[in-house]
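Chain IDs A, B, C and D follow the sequence of writing; residue 1 opens each chain.
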């Protein structure tokens, strides 16, 4: 029914032959009219109670047929708004200016009918939070069938037909389309697709959902697929498979892809070209390899520096000082200027020119591109400069995979890397000598899935096992990392340690003494354990001020008002919150500040152990770096022991001493981080580690063992 | 059971047809022919669910399906009906001659056996002792003399017997009738066709009626107990005739060309009865003062829109022994009233006045009383109560005044005197027996007078005794008479042949016709 | 859309930092219907407060010669079937009708909130028992049970209030318990437990304030329900005894004059309508501001 | 929880609730001032009973037994379908109820249809044009309906449609025409609640990503609204339908009186005023039973409307 629109030869420009694409890219940056998509001077504003919010503030870029472009930037920089404008889905209250030429049609001026044709034929979008992008009350097959129907007959859509009203719709037609839907599901790598078409979204796992969302987008055989954070919500293993799938689709269908992400490693993995946005503006564009290796704009550079992958463990991460400018401000000049150490007066006023770096190396909107090889102004002395930073020659041709030293790509499995680590981490061998602070012995936690009087009467005793027979020690002064996929029992284990849950079987000992749940613990034991919850905002009562929040544990320890105030001031100062924040309410704070408050509260009673549940997962890279730095400073200063739960292996690798790997409630592997990451013994750990995307674009398709779908089926299961 | 079926049909079709279909559907009422009429009586023609209404298997009040032996004339005298003549052969024996050639709706002829059956099996047996006291008959006291003669043996001398059994409820049905199953077989001009409890009752002409074939082919009696709803039904043209339209609407109806209104004096009378056994209304001065505070004519002229006659006593003037003219008069005189109040034992406490929720204009009237009493320095608390609460209160004698009315549904109205004012009357007996008091019973001479009136076969003696009793009652101001009731019947202007009766439930429909 | 507005919202939030309260006020005022609701409620409250002092006539004094007068200068809203000034009765009735609503809602709220807090906080068998009690109350259609209770107790305003209060508390109990349970599982309460915050402090400092919002919303919406319930019971014959100027009773008494003297029924009718409308709009507005996520829940209960 | 377990669970809770309901219903008898036996006998005899009559009545009706024993025997009778006999006619209470119930159900169903017919288009329109004049007008319009006392609205409708326009019957029961005005009277109140809910529910749904997904497919807005959005928006609406039945039953009492429909409501009011306890208890019990039963059904149907729903999830 659907003819591939591109021939195989047209799509050969894609990976891995990065350098052969130069001609193509040059065409793009020159805003060629043959481009599939040309965005020119796009501005999107939303009304707000006083000044309008400039969500997108003058964005221009293009995508050629069959090209994979990454649109990157931190949250709130306007990536998603730009993407939505491309398919004409701006909210009605938004003011859109500029032009978006898509396959010859200006989206901003298109009629409803033209838009419908474009959406049904030319462009598709995979939205962020795929779980929410599928209609929960319609089954998968129906949703895909609709797409194909729209694609075939965009101009004759009758409500009653789509509602399957008996006399107004053809059952045979719909049936045929469902069969086609199964084919599409098969193409995106869903096992037994004939059964899945009858499933409802909630019956699928996160990874499957994401695949279905992609299948849905593919149903109309688009020329351009926009994918908004397609891998943010999925586990590392699934992410790897999905990226592989995208690449495959691009190869076989010759479909152009606009990939929106905040994750630079995803860009490195997949994209031909990258567009970097900051505060609603494009600050840099260029081939992915060049941008990651050799960023031109100070912001791009700073962003890359913050990544834990790029910095040795126990080293302080570089950070970007200051905050993203207020989008309601009337601004002029470079938006990054206030945070840029190299900013001049020119940067702060007037239009900053977009400079073509030449040779297909893209553009940068900065005065400072020519001598943009500083001695790492954002790096602290003593940091080993990795990856791109050690390349000092800006004119150098992009390297190929073979030319890049593997040792500098932290996620790759190489002996070179492990040798580096042994150098930087001599103390890890001494781990065994530390005293156990907390011991878990045979700890098991089961949840009853039904409760209430009636069930008790009927004796319904269905249970779900969350944690199974776990033995674990947390040694004084160490950072123990707990990793695993969503639903593996990490958080439950943490709650058992804190006492929020009590074990069904087994024993937990603090300093050798068995402890129970929160209610039965002594005040001292409670004060000994601090907790920073996942999603810190929810752990702060929105009705209390920062001061009250931090003082709360002190009050319950019976501290006097004066002493409390003193301590609150001390800890707030210590976590880097200024005095005037003390009277703020949580909702008035940014994500990073909220996390600081949560940390301040955790350390206020002077605990010995702090449980950190995904402490940085909700934060942007630059903020994440600052929080991670803070945590290591605090640990050094107060001799804290950390139990750190994270699904972000890069963070774990950077921060922890020992790592424990959990899968389906069981502890499958534990050991020093070097050993586990370099020589995993358990197959699960191997799969997990293999799925970490590389920051280096030169490592390309097919090399990665994790990407095979065969492994996935055991991991890719419903998370219910 | 047919009712059930149709409802179920309706219910199932609601789902199918849906709302859109609702508006367009036809009425289930009568065929709109010249000889069919829809009538809305003042009370539910299918009965209120009260066994009293339904003891003949249906409410016989309005429908002329079943008939008693005796009827009542327009001046409330017994009138030959299924019985053509009756005589008291001794103090306690009544012999009735039956009309010959009367056919039941099933074709059989009315004989003495049917009368004996109706009384012995139904009236006296099924309803128990209340009926025995009412009719002064015990089971086994009705005898067939011959095919068309029946004798009744009353328990005590009861001259009012023929008038008392001139009541819709004392109906004659043959043994073939199955009242409980709703199979009603009467002798009346109309046969029962269909009854939807609480909604409507339809009857059809009985061509072999002994009084001649009635004019209407079909009648429907609709239930609408709310006066405003009745008025609306008539104004909307949904029905042909309504009883007692809302007082507030009468002048509007009169102004309409397509509607005619008839006023008929009723056997009912509205008054306030005063509990003479409870302080401070046990003080005659206070009771007289209350009487002097009221202007009956003002009430009739204002809130009643002129419907009713200002009253001087508790007995409607259609009843031949009503004393009205000869009673002591208490025309409104606030000075006298205030003076009497100050003489009395009244010291400012609020009196309680009860009124039943359902009484037409009850809430309005009682507020007028309140205002009138206020003007003479007597304060009144109003309690509008529903039937059961009201009865509970009166049974216990815990009130001072009650706005009430008396109405006879048979020509013999004697029981109004007996039940209200005799110490052994239903209102007073329990309290008298329990506490030696009562409610409205002056006792002594008044009791004697009422007994004489009740038991005398001499009409003049009855009349004089009752008048004397009424005079004594009004002297002692046991009641505050308000008005003799009149009722309005409003009908489509084209309708002729209305035959109204002081007892509203005695209306005859046989002559109803529609003029062109 | 949520994602976009979310990130935009962060910016807006920053802008309006430290203006927490005024932002809520602004959000409330953004919807004209909310303002209308507030204005109506304020107007009715003012009428209840000063009504009896500004009423031109005594509400019970009759003038039979002057009955059923059309609205005029002397009687701006006409006179009723007994010649009483309708405006004066309306003004006096405002206090009574609003008073009934406040009293009934107050009893419901106090009783329900106490039981809800107890059930939600105590848990276990106490919870089980109290919630079954709530279920039983909610198993009766409210007005039907109120009718039966008031009818058996006998018609009077006090009995009507008692009956309405008895049939309305369970909604509060269920709402409060639900909120408490949900809040108990919220991380900030779990955090407080870990921080060894006392049960009492958790209850007063963390749970009660969370409960207050939804309860206020429900109570506001309830005011209208109670006023309508009172009117309904008045119509059935269980309301205020004459000559009390209570709106439901006035409306019910005036219905016979709807055709001939429209003002007698329609004036209290409109007053009831506007009052109920006012409270409903206000309640909706408060819900949008205080408790935007629980629409269906409160709808179920109110 | 699977469906069978859930059903069992729901049935179990319902039985407990109904037991509680029966206790309350039985307890109504003791609300009455005075001795129940005396009250009943007074009603039956239409006069004050003597002390010996009361005593023998108590004995024959087991009223000398402790209250719990009396209650158990009452419940036993009820379970056998014997709700007692009306004091005023020899009719069984169950017969009275069976006769009256269809009229009330008919009214409730028609009102529900009216309410949905008003609420769905208004709610969707209101949500789509959020913040516009159309939105405010339709919200206000919907609310006016619910703010009017039922009986007043009923009489006004009679005035306009039956008397002035003469297009619809004034009162009565038995024909579809006679159902229209009562259904509108009762339906408008419910329509307001539903409109409000559909609006807010639609607003929430319109913000959902899947609506954008549907649009991004190139679907027409009408299909997006009425297929993708409305179906989801109706889910919370269905959950309150069961509860709204309660308000319909409440309203039916008044509306039946206004329109002279001898349904359950009218029967109940008459019975209350007559202190006809068996009838009062019977209707109260049956009404509560219907209410509880409907809510179980609604819960079950909810499952089929929204495939996400796990039966038994605690709704707060």
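By definition in this document, contacts are C-beta pairs under 8 Å (C-beta built on N, C-alpha and C of every residue); 3 or more make two chains touch, one makes a residue touch a chain.
Since the model is a prediction, treat every value here as computed from it, not as a measurement.
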item	value
Chain pair with the higher count of C-beta pairs in contact (A-C, C-D)	C-D
Chain centre separation (chain C, chain D; CA means) in Å	21
Distance from chain B to chain A - Cα centre to Cα centre, in angstrom	87
Rounded Å distance, chain A centre to chain C centre (Cα mean)	47
Centre-of-Cα separation between chain D and chain B, whole angstrom	37
Chain C residues counted as touching two or more neighbouring chains	1, 3, 132, 151, 154, 237, 255, 258-259
Residues within chain A bordering two or more other chains	84, 128-129, 452-453
Interface hub residues of chain D, defined as touching at least two other chains	13, 16, 33, 155, 159, 163, 208-209, 212, 257, 272-273, 275
Pairs of chains satisfying the touch condition	A-C, A-D, B-C, B-D, C-D
Complex contact set, residues of chain C against chain D	1-3, 31-33, 36, 132-133, 135-136, 139-145, 147-149, 151-154, 178-179, 181-182, 224, 228, 231-232, 235-237, 248, 251-252, 255, 258-259, 265, 269, 272-277, 280-281, 284, 295-297, 299-301
Contact set on chain D toward chain C in their complex	13, 16-18, 20-21, 23-24, 28, 31-33, 131, 136, 139-140, 143-144, 146-152, 155-156, 159, 163, 193, 196-197, 200-201, 204, 206-209, 212, 236, 239-240, 243, 245-247, 249-251, 253-254, 257, 265, 268-269, 272-273, 275, 280, 284, 287-288, 291-292, 314-316
Chain B contact footprint on chain D (complex, rising order)	33-34, 39, 42-43, 46-48, 86, 88-91, 96, 98-100, 102-103, 105-106, 109-110, 113-114, 117, 155, 158-159, 162-163, 166, 168-180, 183, 257-258, 260-262, 266-267, 270, 272-275
Contacting residues of chain D [partner chain A, same complex]	1, 5, 8-9, 12-13, 16, 208-210, 212-223, 226-228, 231-232, 235, 305-308, 312
Residues on chain B engaged by chain C in the complex (per definition of touch)	227-228, 231, 246-249, 251-252, 298, 302-303, 357-358, 363-364, 366-368, 370-371, 381-386, 389
